[in-house]
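Structure in structure tokens, see below.
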Amino acid sequence: MLKQCEGSHAVAEAVALSRPEVICAYPISPQTHIVEGLGEMVKAGEIKDCEYINVESEFAAMSVAIGSSAAGARTYTATASQGLLFMVEAVYNASGLGLPIVMTVANRAIGAPINIWNDHSDSMSQRDCGWIQIFAETNQEAADLHIQAFKLAEELSLPVMVCMDGFILTHAYERVDIPTQEQVDKFLPPYSPRQILDPAAPVSIGAMVGPEAFSEVRYLAHAKQMQALELIPKISKEFEEIFGRNSGGLVRPYMLEDAETVVIALGSVLGTIKDTIDEMRADGISIGVLGINSFRPFPVSAIRRALSHAKRIVVLEKSLAVGIGGIVATDVRMALDGLDKRIYTVVAGLGGRNITRSSLHRVFRMAMHDQLEALHFLDLDWNIVNKEVDRERTTRRSGPIAENILRDLGQTKSNVG
Amino acid sequence: MNKPFAITLNVGSSLANKTGSWRSFRPAYVNRLPPCNNACPAGEDTQGWLFHAESGDYEAAWRHLTEANPMPAVMGRVCYHPCEGACNRGQLDSAVGINSVERFLGDEAIKQGWKFAAPAAETGKRILVVGAGPSGLSAAYQLRRMGHQVVIFEAGPLAGGMMRFGIPKYRLPREVLDAEVQRILDMGVEMRLNTKVEDLLKTMKEEKFDAAFLAVGAHIAKRTAIPAAESAKILDAVSVLRSMEGEDKPMLGRRVVVYGGGNTAIDVARTAKRLGAEEAIIVYRRTRDKMPAHDFEVEEALQEGVMMRWLSTIKQVGEGAIQVEKMELDENGKPVPTGEFDTLEADSVILALGQDVDLGLLNGVPDLSFEDGVVKVGENMMTGYPGIFAGGDMVPSDRTVTVGVGHGKLAARHINAWLAGTTYVKPPKKELATFEKLNTWYYTDADKTVRPMLDIIRRQSTFDEVQGGLNEDNALFEARRCLSCGNCFECDNCYGVCPDNAVIKLGPGKKFEFNYDYCKGCGVCVEECPCGAIKMEAEAS
Amino acid sequence: MGHQDVKFYQTGTFTVGNRLLPPEQRSVQSEIERTNSLNSGHRACQGCGEALGARYAIDAAMRATGNQLIAVNATGCLEVFSTPYPETSWQIPWIHSLFGNAAAVATGVAAAAKIRAQKAGKPLAETRVIAQGGDGGTTDIGFGCLSGMFERNDDVLYICYDNQAYMNTGVQRSSATPPAARTATTMPVGEHPGNEWGQGKNVPLIAMAHGIPYVATASVSDLRDLEYKVTKAMNMRGARYIHIFVPCPLGWGSASCDTIKLARLAKETGLFPVFEAEYGEVTNVSKIRQKQPVEAYLRLQRRFAHLFGKTPQLELIARFQAMADQNIRKFGLLGEDKATVGFPGSEHK
Amino acid sequence: MFQVRIHGRGGQGVVTGAEMLSIAAFLEGRHAQAFPSFGSERTGAPVVAFCRIADKEIRLREPVMEPDALIIQDATLLHQIDVFAGLSPNGYVVLNTNRSFEELGLGELFKRFRPERLITVSATDLSFKYVNRNAPNVPMLGAFAAASGLISLKSVEAAIREKFSGKVAEGNIAAATEAYNIALAAKEAAHA
């Protein structure tokens, strides 16, 4: 059923339709609306047979999820930013134990300085944590991916992180086709755990594993993620058969066939990029975009195949690996190992900085002419940066950067009266 | 379940890890010698029979007890219970009332009519027992159990020896004695009363005895030369007590003086009170704490109105009065005369100065040796003449019923071995379960049960039994006060406290075993064993 | 006294078993058929109090729940010595997640159990949950999750096996380490040797301040009391906490055979008050049976050896005695005294 | 694609207004996208929200920088921020005020825009009148419907009913209707 609603609400509805049995909730922007919505639905009895637990921290949220999942309950939680970092130890633990928890990450920057706006630093920090990470481009996809995520997680017995851009998607009202319960039930069978804490068949879960077997355990975790490379497209196809729309998959090519320049990106920015590319195509420019839907596992072959004709690649990413630059770009380089292609990294949209069509036009054109430096920071205010660099060079105690920048920016101007 | 590799494991699989290899010391169950058993002259396995009594299985307790002593009802009344003096519980609150439980079991056996089992097989050997006192009866019982034919020759008209003729009724009712004697005879022991052995070797030859056990009591009163008027009435304690068993009770008068400080002196003084004496005065040359008599008997006598005159010797006995000389103790505690004299009114004087044994039956037996009026025996209770054994009052030792019973038992074992041409070797004595070896934390505080005493008026005027028995409730309570020193009583502590589950519980009555596959040798079981029945030993390297 | 339903016999009163008792009154640990939830072959040190305490507690809980039990374990000695791949000593469904999250994981397990029951049309979860950890995992790193579990009144019994330091990592100080004690991070050197004299962190009292249905302390030296408390706790619903005193021969520098003796002395000196509380109020106190001076307890442990050197630290020993005496007053550990500890009870009462 | 920017203050329902606008467009079978200028603004702080309306899927996620219409819920903002930034000469402005543009000193500025597309409405007064609180967002939406002709009053009513219920919904509908009529009258007057 088509509905004009907030992204968070669409996700909450999708999770509710997936018949969760335990939901752990801890507030952190911008995921809060999702668990608020779920809380209301559980209290109102719209979600049956579900425990909604208000925990005392994200660490507890993931820990409760570990317990309930291990005890055989379909389990969901959501977090973002500092919250994800606060639960990191448990995040690794959930995947290490192979527990099919589904978690929304409403992507948000990580402080300091504290910043509540969107970028991908949070989930990127967990790229090696052993969770499957899938990114939503739209709210429709965010809703669909959650339903798929439960199936994916439970078939593999691995946790899945559904990443959606904080605020940009979570707080955006747009048209979403909310599936029916019948559709979801047809697609998603009841949870049948691969391992379970059960007095009728006791096991010890979470043994200490020494050097004699640890490498094997880690390899098996890797091998299991690799299975997802086959399963994700399969599930996406099954989804399409029942729901009548294509959602998910490993990668999403757009205008790629003949594109000399290919932009790679994740999440909601793909929409703005597509609009930009449409405009550039109208100008006769050979450019396309490849959206990465599954960041972990990283679809190396699919990306390599999709980029076989491209001359140059611009990886536009909403995160920064301080000290090297691109996170996604590094992975893309690995995917293109041995191929002769220029690869540019554009770090964009950090901490909620708007990514506009005009800026995209500019960098894409620079890339096309190979005038772009290998690592480019989109719309960086060099004036501010240089001032601060100078200040630090001359003054030992130059003060906090954020405050200095605000001082430089001065008061917000009004051109009225 | 398709379990993830290594992370998820099958339950209980650590049994594959034999942690016993960590051990350098190992625990081992032991049976130590409880101090009560150690102290018992009759060799009773006190802790052993109390164990059965604790669970209310009195017959099992009685059967276990009577392996050492066939007369628990008697012993439960007349034994001076050295076991209780040695009892470790005495250091906690008060000793276990072993004697009272023994009496309860003895009385219960009489009440229930429990009998001794007949011997499994007859050996065909004939053994003569001379004297039907505690030692003779004990030997007869043990020998009969071993399958020998036993004939007791008793010079007196009734069985019991000093138990009958030396111990007043108020301490040992005669029906109790009769019942326990009869039960021994019921095993097939032959008793010939009024049969005095004059010539032992002749009797043995004539009746084809293969061996003899002599257990003649010390019935002859010791005399002392005291100047006395002709009309002075001087009696001896043995005779007085013996005459209590006959038709004619002794005439003692209103004022009776008893001379001596042993148990017999007390017995006769208390008897005199019961016979109607207004005054019964014990004259003793030393002080109360030097008296050979047991303190509780002195106390009971005092309660009944018997008077004591300490530090006094009788110098002269006149008609209706005696003269005593005051004594004082020298540096060594020896009484020395002071030269001060006093006069006491006395209608009769009873001498209780000790007894001798009539050794006449040994005339003509060669190779014997004697000492202080008794016959010497070896470790095996045999006299210098092969096949003739002796015990009880006849041999050098304390003269108590319990010692006598012990001699009878020991002699029987030696006789049995001698008859078989072998030697009885006592099992090696186990390590003593001393107080330090116990972990007494585990025992609840519980004071001894006090036995009921007859009221004072009836004690002074009748020969009813002074000390009552325990009823089942308090006998059970008393039995359960036993600490089971040095012997496992299945408290499950070792089984419970082992951090490695390395103790195997074998089930009721079967106790425990260590599972050395897993025992790491921490020693917690040893430390926490309440009764000291486990010890640590170094592993063989 | 703590718990004593049965008027025990004069022998064996405080022992694990008593052949004279009817079977229903015997301790779980005396049963031939006891679960041995923590099986042989585990790699705990000789004389490990925690191994003992865990088997005592979990076996009792297994009996109380008809074996419908799942245990969640914090990281720590108990976890490491019981489940090194490829072997586990546990005979029950058991999970180890992290050091600081046992209470929260248990909340999750309980939630799953509740939903399973709900789906089967049953009002209450049939599968019950125990979370367990050492003092480090409980009083320090796991404290936040523990408090959250208490506050929500989740249906979990949390058991802390208190051996008073981080033993798994090599004996470092925890917030449960007693003052003056030597640990690897509070060495007996300098002007104030050993652990500092702080105010301590009394987690049982903090648990009581949450107003949860049940809080108790117990000791491996009093099995029947421990079993009674675990059984009672498992017969209740909601958040429950039992703090069990478990001596550690390795960390305390005590003889491996003295484990239970030390636990007994801790109670008999008054240093470790044994009590139970419901809804924030002390309802029962195990009286001291044979009062002991603190020296009797301290002297057996090398971690306090610096108090008894050539010049005994009489002042410090006196401070320990004062601590014990304060407990005795506060909890009414002697005679007929009444406890004065309590927090405003909840209306649930 | 038609792009709307709504300015107001925290507590005045700016975001809700954008959402209702998107709902109204959605109900008319169009694609719509509403989103706030994501901040942690508290009551009273200047707030911006956006709404895009189109006939095909809206992929663009950048903020509305060149709006086709401005809804200004609080006239005091005019002196604090550049609310008119990017507005096209053909753009619509709906301003909540009980004064005229001239009285507000905006006469000069407005010469750049088409006068029939500049509407004032006393939305605050209307919200007090009908729902007894300062919630100008709903009447502003009514006025916008009339001014732009982009959505019908009926769709605004339906959007109101999605967000509110009972008496509040009815009051808001009444306020929106009156604002709609005022704006419609003003628009016709300007044409005349």
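By written order: A, B, C and D. Residues from 1 in each chain.
The rule we apply is simple: a contact is a pair of C-beta atoms (placed from the backbone, for glycine too) under 8 Å apart; a residue touches a chain by one contact, two chains touch by 3 or more.
Computed from a prediction, not measured in an experiment: that's the story for all the values here.
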Any chance you could check whether A-C or A-B wins on number of contacting C-beta pairs? A-C
Mean-CA-position distance for chain C and chain A (Å): 44
Taking each chain's centre as the mean of its CA atoms, chain A sits from chain B at a distance in Å of 92
Distance between chain centroids, defined by C-alpha means - chain A, chain D (Å): 34
Distance in whole angstrom between the CA centres of chain B and chain D is 114
Within chain A, the set of residues that touch 2 or more other chains is 97, 201-207, 209, 213
What are the residues of chain B that contact at least two other chains? 6, 9-11
Send over the residues of chain C in touch with two or more other chains. 82-83, 85-86, 88, 90-92, 94
Interchain contacts (touch definition) - all pairs: A-B, A-C, A-D, B-C
Under the touch definition given earlier, write down the residues of chain A that touch chain B in their complex. 96-98, 157, 194-196, 201-207, 209, 213-214, 216-217, 220
For the complex, give me every residue of chain C touching chain B. 8-20, 27, 29-30, 32, 36, 38-44, 46-49, 51-52, 55, 82-83, 85-92, 94, 223, 249, 255-261, 264, 290
Spell out the residues on chain B that touch chain C in their complex, using ranges where they run on. 6, 9-19, 22, 54-55, 441-444, 446, 477, 480-484, 489-493, 495-502, 505, 507-508, 515, 517-518, 520-524, 526-528, 530
For chain B, which residues count as touching chain A in their complex? 1-11
Would you mind writing out the residues of chain C in touch with chain A in their complex? 67-70, 72-73, 79-80, 82-86, 88, 90-98, 100-101, 104-116, 118-119, 127, 144-145, 147-148, 151-152, 154
